[in-house]
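Have a look at these structures, which come just after this line.
Look for subunit A in each of the two complexes below; its partner is subunit B in the first and subunit C in the second.
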Partner chain A sequence: MGRYWQEFFLRNGTALALYLLISVACWMLLMIILPQIFMLDFSFRTNVPPPLWGTEAHGYTLEHYQYMVYGSAQSTDSYNFVDLSVFGRTILTAIFVTLIDVALCYPVAYYLAHVASGGWARLMVMALIVPFWVNELLRAFAFKIMFGSTGIINNFLVAIGILDQPFDFIRNGVALYSGLSYAYILLMIFPIYNAVESLDKNQIEAARDLGCPWWRIHWRVVIPHAKPGITSGCTMVFMLTAGALAAPQILGGPSSLWFTQIIYQAFNQAGNWARGSAYAIILLSTSIIFVLCMMKIFKVKLGEIAR
Partner chain B sequence: MSADVQLDQVWIRFGDFVAARDVNIHIQEGEFFSFLGPSGCGKTTLLRAVSGFSEPSEGRVLIGGRDMAGIGPNKRPTALIFQNLALFPLMTVWENIAFSLEVKGVGTKERRKKAEELLELIALPGQGEKMVSELSGGQKQRVAIARALAAEPDVLLLDEPLSALDLKLRQHMRTELRAIQQRVGITFIYITHDQGEALTMSDHVAVMSQGIIQQVGDGNTIYDQPETAFVASFVGENNLFKGKVSEISGDYALVDTSAGNIRARTSKGEERLSAGDEAYVFIRPESLKIANASKFDNRIGANIKQQEFEGSFWQVFFDVEGSDRDVKLSTVNDGSTLIHKVGDRVDLGFSADMAIATPAGELAAE
Partner chain C sequence: MISDHIRKTFTILFVLGFFAYLFGPLIIMSLTAFNSSAFPRVTPWECFSVEWFQFLGKDAKLIEGLQNSIFIGIGVVVLAVPLGLSGALMLTQVKERVRPWYYTVTISPILVPGVVLGISTLLFWDRVGTMFGASRESVFYNGFFLTIIGQATFISAYTMLVFISRLQRFDRVQEEAALDLGATHVQTFRKILLPFLKPAIASAAVLAFLASFENYNTTVFTIVSESTLTTFLAAKVRHGINPSISALAVVIVALTLFGAALHEVFKRRELAAEKESARIAKGEQVTRKSKNRFITDPAVILIFLVTVAGLGTVYFAGTMGLDECKAAVKAEKQRVVQERVKKRQQKSMFQDAGRQALTPVPEGAGARSRPAPGTSNFQGLFSPDNLEGQAGTKETEQEQEKTRAAGTEQFQGIFAPQNLEEQSGASGEQQ
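Presenting the complex of A and B:
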């Protein structure tokens, strides 16, 4: 370790080395560690207005976490069914969206990496990337318009006679699932693409030569090789989907709340920063635990994901 | 089981580029057949047409008499060993070997048994649990062979499988490959740009250049009776004299070269020499003698330029008037020291039977 630092300083010169170290440390501290520590701290304190922060009244408590599970003391229900069910649905939907993205992206990534030739592949990559130059909110609104009762999809389906009257894609969550699936699709495609692309074509051919049907080649050769990329994509898409706000806000039906919306309400409407923090911590830690469990099950190491 | 392989007027094109030009070859059942040629001459391309990864643009590939058109690589009775082996790094050695059985739905127990048998065959018993990355180069090589053999192919195709190994191992693996081929008795089609490999292992060799089959024959024939200038210059070492045929008599030609008139056997290729043609005369270094009093059909005046001692033999290089290349002679070191010195003027002699005259044509790159 000592030698590593020595080399680091020698290679970059003292000034540059110090600059790099300090900037990375500041970045970590200010952007990542401190905010989370404040959040964590807040989530364990009573909810008092800002002037009372730091006083006796701003003491430690578990009430916000208990609230998430049991609801308010006045409530007749023994559990906080509303928040718990929103939470459960958010996690389940995020899993569902992640699975959809894997199913969509794996074939595309494989095609790009091993089937499409140079110019055509570049064109496809452009077609994937360019829409993401448009702001996330605008994209969500575009989906809303598209899936609306007089949107292009309904018009088309009615025109060709599959539907006799417009289908309410928004109330049924179809718009939301589509919007969420699309929102982070690049974060799924590129890790899988990188992983699949590094597979030696000869291995695919060798498997074929040994009598392997195409689906089995994927199952035994390509997917095992791409597993770190798939996991990496799944991790990012799952985390970001579970924590998404714009798409649920715009595309969610009137009856379907996303857990981030509850957090948002706690912070901005109820003025209850402590509860908002507690809920955010719950969402974050659940997501992390879930991802770690999945990595354990699929036998992927953290180091492989970062490749 | 074993099968013969027939390439019938096979052409392979990539756009305008012709990678194989009118290839006609019949590979006998159970033989060790090599394609020999410089890099980029189309060897892999031909092999891929046999294994089914590409279809010939024209012509037919027949295996065991059956036309293979439209039959994919997973359905052909061939197994290919890739230039880079292409073992599956995420599987253990035995899973690699038994992969073709897994594909066929054979149960685990039987797969293990078969894998162990093959590990025995390739002299790696009990190493099935290792990962591929834990093997040495030569061991990987053998695992690749076992994996291909497990599929019980009628024809085994090998694409320069030894090129990644160091010299010693390569020579060892040659013997081993030949032994394995004789044990399993199936047809081996072997690709190489190493003539030593081709000549030592094969029953028959096809020499290729730029998509054209130059000559097919056993090792001796290829070496002693090259049919084209390319084969003569590619296989083994040869001294070259360029000239013009002044006379043909029977199987011999008299060629007027810059070093004088040379009598030589004519090559037996499709293209025959006749008087007035441009011709190349080739003489092996070991066929050249320093002519003292003895009689030779041919004599060439030369100056000794350099003498190299190589242990079991000497290499002597000469300047010959009118030739821009050095002429090389090699002679067995029989204990008697060379009596000539650098700078000496001598006559080089050789019999007409040891020289071969081919039509002028493409030469192998030095």
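Presenting the complex of A and C:
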């Protein structure tokens, strides 16, 4: 080990070696690892006012995790149906949104990579970047305008006579689901596009010449090749959707909550930081489990996911 | 092959639909900023105006948020670019066995939900502050400090990816040659590696600034009592929407597009420079022409011209004849409302007369079931649909306020256009 460091200093020179070591150590320890450990620690502590933190009263407890499952001691329900159902719905919706995004993006990515040609294709790929740069809040706001009771969609549907009264898209969650699908769609299309584009066109030609119908070309040739891209896109979209805060805050109906909103409430309204961090840990571990599952099922490496 | 044709048409329609889904909301939102209507919408179109933009300039909180965002963005660039660079340089040097772990840890902030990053940063520095016994005014509880740290955690991972992809094309031989020729390590770093990384540093800086500028999930937890543009925006959107938010959106969209275009220019210049050096290496002659300066780059000029022309046209068109147009719209609205009032009155009088003539109420059936004279005037006012419409949409309230001012207090909301529609539906069912 000592020889390794000696070599390291020799290779980089003292100044550069020190810069590398210090900044990487600061980043990894002070910004990535320690904060997570502290949050984990904090989530197992009792909820006491800040002046008492670190004193005897600030002991270890499981109450916040128990609260998530069983609810408060005063409630008559045997389980904490509110938080559990919000959590379940968040995860299910995130999976649903991810599937929608795959279904939307795969054909477009294939089209851009192999069917469209030349300048047009390049222009379209460039154009895809534009919405990606627009703020998440504003994208949600745009959906709120469109889906409002006098928004353009309602006005259009009423005008052509499909509806006789404006439909409340926001209360019914339609606005939220489409807004969420929209929010991170580009993190789905770019990985798939990159993966599909690297496929040799000759393989498709060969399959076609051998009499393969178009759907089997996709199933046996294109999709297997695009698998890392699809996995990467799914992981990113799922994580970001499950952890989204802006879109649910703006597009969520009055009765629907998102799990991140519960965390937000615990921090900013209830002032219960310990419970907030316990819930954040739950969200984080769900995300990690999801990524691990994706890596196991589709046999890809983490390096292929985060690109 | 008919089925082939159908499939092709279907695919093209699908792609078009996809792009409509991608751009439609943004275009509609941008349009609403130029409509003088008090509610952000495209239909009905009232007057083309830029008054919502003028509105923005007067908002002191917005300006403060913007300043804070820019300050934080610069802080993040200063922190995240060196961190990302060191992370990327370190990746090639850590031991083979440790490398996957190292990569996993440094890349993980990208995958961790932003909310979680914000909370952990807030908690960690709070605890550190407590350990040192720092006062509440100290840096550990400062929103700017926390936000810069929190955002830099994952933005450093972005910049690291930028540097990694650039470093993959770096030829280590250059460094070795410099060292052999007697250069010190610091000199080699400054004279060989940094110039090679310059385009990557520029694009990483732009990327870091943009990512910081539009971050919300992490910022909302770490900002504590301060505010940034995004937290200001979120609060505004949640408290009720009006077109000044659309105007702000247009400004932000324009700025981010500008940034994205700049990013693209940097990237192209980097590629061009690489091609050129490849040509030089081959011994070809390089003409003076291909060495464009940044300012004279056609793309930069184009961006500049489009911006100036767009802003000029919009401002000119939006301030000319606005008052006349508004007055016309107002008069038109009043006329429509009055017409509806008249029609409504005529209709209800006719209905009352008709009902009393057609359905003689038998004696003893109870006065309760018989509509009291004049009640039918308020038909549907108390129907549940009507109430819901009022509570559910701000829009109706706004309309009502307008009509309330124009009409009488007594007929609250009865003259709102939507209300009329619902009533005619309801009375249709009754008849």
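One rule holds for everything that comes next: the second predicted complex is superposed on the first by the 273 of 307 C-alpha atoms of A that agree within 3 Å, B and C clash if a C-alpha of one lies under 4 Å from a C-alpha of the other, contacts with A are read in each partner's own complex, and residues count from 1 in each chain.
Note that contacts are C-beta pairs under 8 Å (C-beta built on N, C-alpha and C of every residue); 3 or more make two chains touch, one makes a residue touch a chain.
On a predicted model such as this, the values are computed, not experimentally measured, just so you know.
The superposition on subunit A brings subunit B alongside subunit C with room for both.
Look at A:G161: by the touch rule set out above, it reaches neither subunit B nor subunit C.
In the superposition on chain A, contact of A:A206 is made with subunit B only, not with subunit C. Legend: residue contacts after superposition of the two complexes on their common chain; A:G2 is shown touching neither subunit B nor subunit C. Shared-chain residue A:F267: touches subunit C; no touch with subunit B.
Contacts of A:R216 after superposition on the shared chain: subunit B is touched, whereas subunit C is not. Between subunit B and subunit C, C touches the greater number of residues of subunit A. Angle at the C-alpha centre of subunit A formed with the centres of subunit B and subunit C, after superposition on chain A: 100°, rounded to the nearest 10. Touch criterion met: A:P224 reaches subunit B, while subunit C stays clear of it.
Measuring only between alpha carbons, the smallest separation of subunit B from subunit C in this overlay is 7 Å.
The residues of subunit A lying in touch with subunit B in their complex are 200, 202-203, 205-213, 216, 220-221, 224-225.
Subunit B makes touch with subunit A in their complex at residues 51-53, 72-75, 78-80, 82-84, 86-88, 90-91, 99-100, 102-104, 147-148, 151. Residue ranges of subunit A in contact with subunit C, taken from their complex: 4, 8, 11-16, 19-20, 23-24, 26-28, 30-36, 38-39, 42, 50, 53-54, 104, 107-108, 111-112, 115-116, 124, 126-131, 133-146, 148-152, 155, 164-166, 168, 171, 182, 185, 214, 235-236, 239-240, 242-246, 249-250, 260, 263-264, 267, 273, 276-277, 280, 283-284, 287, 291, 302-303, 305-307. For subunit C in complex with subunit A, the touching residues are 7, 11, 14-15, 18-19, 21-26, 28-29, 32, 39-43, 82-83, 86-87, 89-90, 93, 95, 100, 103-117, 119-121, 123-124, 126-127, 130-131, 149, 152-153, 156-157, 161, 184-186, 188-189, 210, 214, 216-217, 220-221, 230, 233-234, 237-238, 241, 245-246, 249, 252-253, 256-257, 259-260, 264, 389, 392-393, 395-396, 418, 421-422, 425.
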